[in-house]
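In what follows, a structure is listed as structure tokens, so that the remarks can point back to it.
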Amino acid sequence: MQLTGENINFKYTKKSPWILKDISITINSGERVGVVGPSGYGKSTLAKILAGYLKPLAGSVSLDGGDLPKKGYSPVQMIYQHPEFSVNPRLKMKDILEEAWVPDDDLLGRMGIEKKWFTRWPSELSGGELQRFCIARVLSPKTKFLICDEITTMLDAITQAQIWNLLLDEAKKRELGMMIITHNKSLAERVCTSIIELPELNHIERADV
Amino acid sequence: MEELLKVKDLLVSFSMYKKGFHKYELEVIHQLSLDINKGEIVAVVGSSGSGKSILAEAVLGLLPKNATVTGEVTYKGNDIDEKSIRKYLGKDIAYIPQSVDHLDPVMKVGDQVIGVNGTKERQEELFEQYNLPKGTEEKYPFQCSGGMSRRILVTSALMGRPDLIIADEPTPGLDLKMALEALKDFRELADNGTGILLITHDIDLALGVADRIAVFYAGSVLELAPVEDFVHNSDKLRHPYSQSLIKALPQNDFTPIRGTQPYAGDLPSGCLFSPRCWLRDDKCAGNIPMTEVRGGKVRCAHAADG
Amino acid sequence: MHKIYKKTGLMNQRVVLLITMIIALIYLLGIFIWGCCLGEDSYAVNFDTKFLPPSGEHWFGTDNLGRDMFFRSVKGLSISMVIGLIAVAISSVIAIVMGILSAVFGGWVDRVVNFAVDLCMGLPHLVLLILISFMMGKGVLGITVAVAVTHWPSMTRMIRQEVLQVRSSQYVLAAYKMGKTRWQVAVKHIIPHILPVYFIGVTLLFPHAIMHESSVTFLGFGLPKELPAIGVILAEAMTHIVTGKWWLAVFPGLMLLIAVIFFDLIGEGLKHLLNPNTGNE
């Protein structure tokens, strides 16, 4: 399968400056495309557009030539930088995990998720533990592409390595296509099959950021 | 080397409520020892949410009502506590908080930076030094961009020409290159004799700017060692946790050890790292003091072995 | 032994808060129930006992018609509470409907709601109340309608804000991407987020409603003279206060004040306990 963004242009309001200009990007199944660049260059915006959270002002996002589905479970899923904001603080972990599908024990074991965490509230888990839940909940068999927006930036180096090792195993096994957004070049070199420098791809004249 | 701030066996606990009215004491910082000398940057590195900020707030006396703090804190050899630190704050000791929300929204930034003890001349000098355009002092915080607000916080910290700066995540949201650029001024200040305690979750940043690194784990400092020991390889490090932390970096081996940091309230007895440690034996169960090993300080029963 | 650097020195704040809330609740519920059960005999006219100062027999004294001021006050406050209850129920329903509509539909619906809110908040509250009450022919109906249709704006704003916030939260956006329908998201994420805000809002609205009802009644545009409403009592007391009949105004006024403060206390207490940031202090 192939996820493509073609000539994507984006700005938040009419008067604000362009954030993305004429960006084209292609991700094939099994590929892990790293997008690196300093903050303020629209990395997260590009992630949201490819995952279908935002509509580009011009240009298009397509999955195997067709549109992204508007209803139902999206084959393109996104994992965020702050797991504590991407889970409902009023739900227990089991409800959060099983919102879309019920992962089997095998997958939970591979993701390092312990069953005793199921009855806890999100505030009772660490960032690393929460992030495992956020990953597992979008690893349904229907997921074909994963957009990862700085998913281990807030975690310590050991947890970061743990999570990426788990996620890479899973991605390789399922031939997932991934877009990996990070400001950490060493990390991108470790986990990606190819790397794009967003400032070079983005056709914006930047006087001052 | 002249010692500025010394923290010995700091313990911070919060009285919390368990379902209903049962109170219990939640220890978030324990047996934390740390020292900062004149002219050096000491970085406290630990994962987000592990209680690093509480360390700064405890020393500065900024914790909420339900906190208890014990331990010895000295500033230039004088014993201080929550109350007596007040006379140093804003003059000898400056604090750069994590959030720009600490600026007063209804006060012009110039007046805020001058505060009670500052002078107009010093403020102008600092604003020029930190590239804050003329007229900024007449603005209110909402008229300043995020980057400007951060620089304003820094200038207000420098107003009293402090000897010690405690900075909590001073470069949020910046990538490594920009963060290091932003911290160049810190380096310059340190070279001129200021002591800086830099609290950060970003180990690459700490590696780039600090003189010594304090490895923060589950509410305590397990190792305090010169930055050279952390670069390239983990062999020189004294604590198994610091070694595994460096090994897990993507530029190094990227191989993690198993397990997670224990929670406050659910800590192992003895060495905090022992449940995940490959060196664990009976010696790890007791109280382990901070000891000097090869020019660094470490809290490990096996540090002297190898 | 360690040196103490900082100590807590706090009582169990949660217990203190709960005890005050229970006391407040007993006071309010007590007056409410007692007042509703009180017959007219207990504050009947008796010319033998005109203008008696407070005593063991008449705690709050008696007025120019010899009516017992304590029972009149209790009855009056309970009437105020009934009106407040009805008014708040109507107001909060208006607020929740308008708030949700404006947040969910946005666009012109949002602009209309915001305009209505601004309009209502821009006019002096008391003037608006008097106007509506007067138009509706004063009396119980007039004042109830007036209080009911003027107390929704601030709560509408609050609910709109909360809905907007939860709708744009990452977990709601993610839920849509996980194939959840609008209805499923509303039931699982949005309503549970709004409910606590709603209950706190209602509790905090109550003292406002009671205060406003009393003020309008006091000015003569609210409840009729025959009812022993607090506003009526205070208005009557004004004519006797120059002759030194202080108890006519002081005790009923105090009872109203305490009731208002207690409602506020319960509301703020709930807010404090339900907020995870302060819940442990």
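By written order: A, B and C. Residues from 1 in each chain.
What we mean here is this: a contact is a pair of C-beta atoms (placed from the backbone, for glycine too) under 8 Å apart; a residue touches a chain by one contact, two chains touch by 3 or more.
Being a predicted model, the structure only gives us computed values, none of them experimental.
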Centroid-based (C-alpha) most distant chain relative to chain B: C
Top chain pair, ranked by number of contacting C-beta pairs: A-B
Between chain A and chain B, centroid-to-centroid distance (C-alpha), Å: 31
Inter-centroid spacing, chain C versus chain B (mean Cα positions, whole Å): 47
Residues of chain A whose C-beta touches two or more other chains: none
Touching two or more other chains - residue numbers and ranges from chain C: none
Residue numbers on chain A that touch chain C, as the complex places them: 51-53, 71-74, 77-78, 80, 82, 85-91, 99-100, 123, 137-138
Chain C residues touching chain A - in the complex, by the definition given at the top: 169-171, 173-175, 177-180, 188-189, 192-193, 276
Residue ranges of chain A touching chain B (in the complex, touch as defined): 37-39, 126-129, 154-162, 164-165, 183-184, 186-187, 189-191
Residues on chain B engaged by chain A in the complex (per definition of touch): 46-50, 173-178, 201, 203-204, 244-246, 248-251, 254-258, 260-261, 263
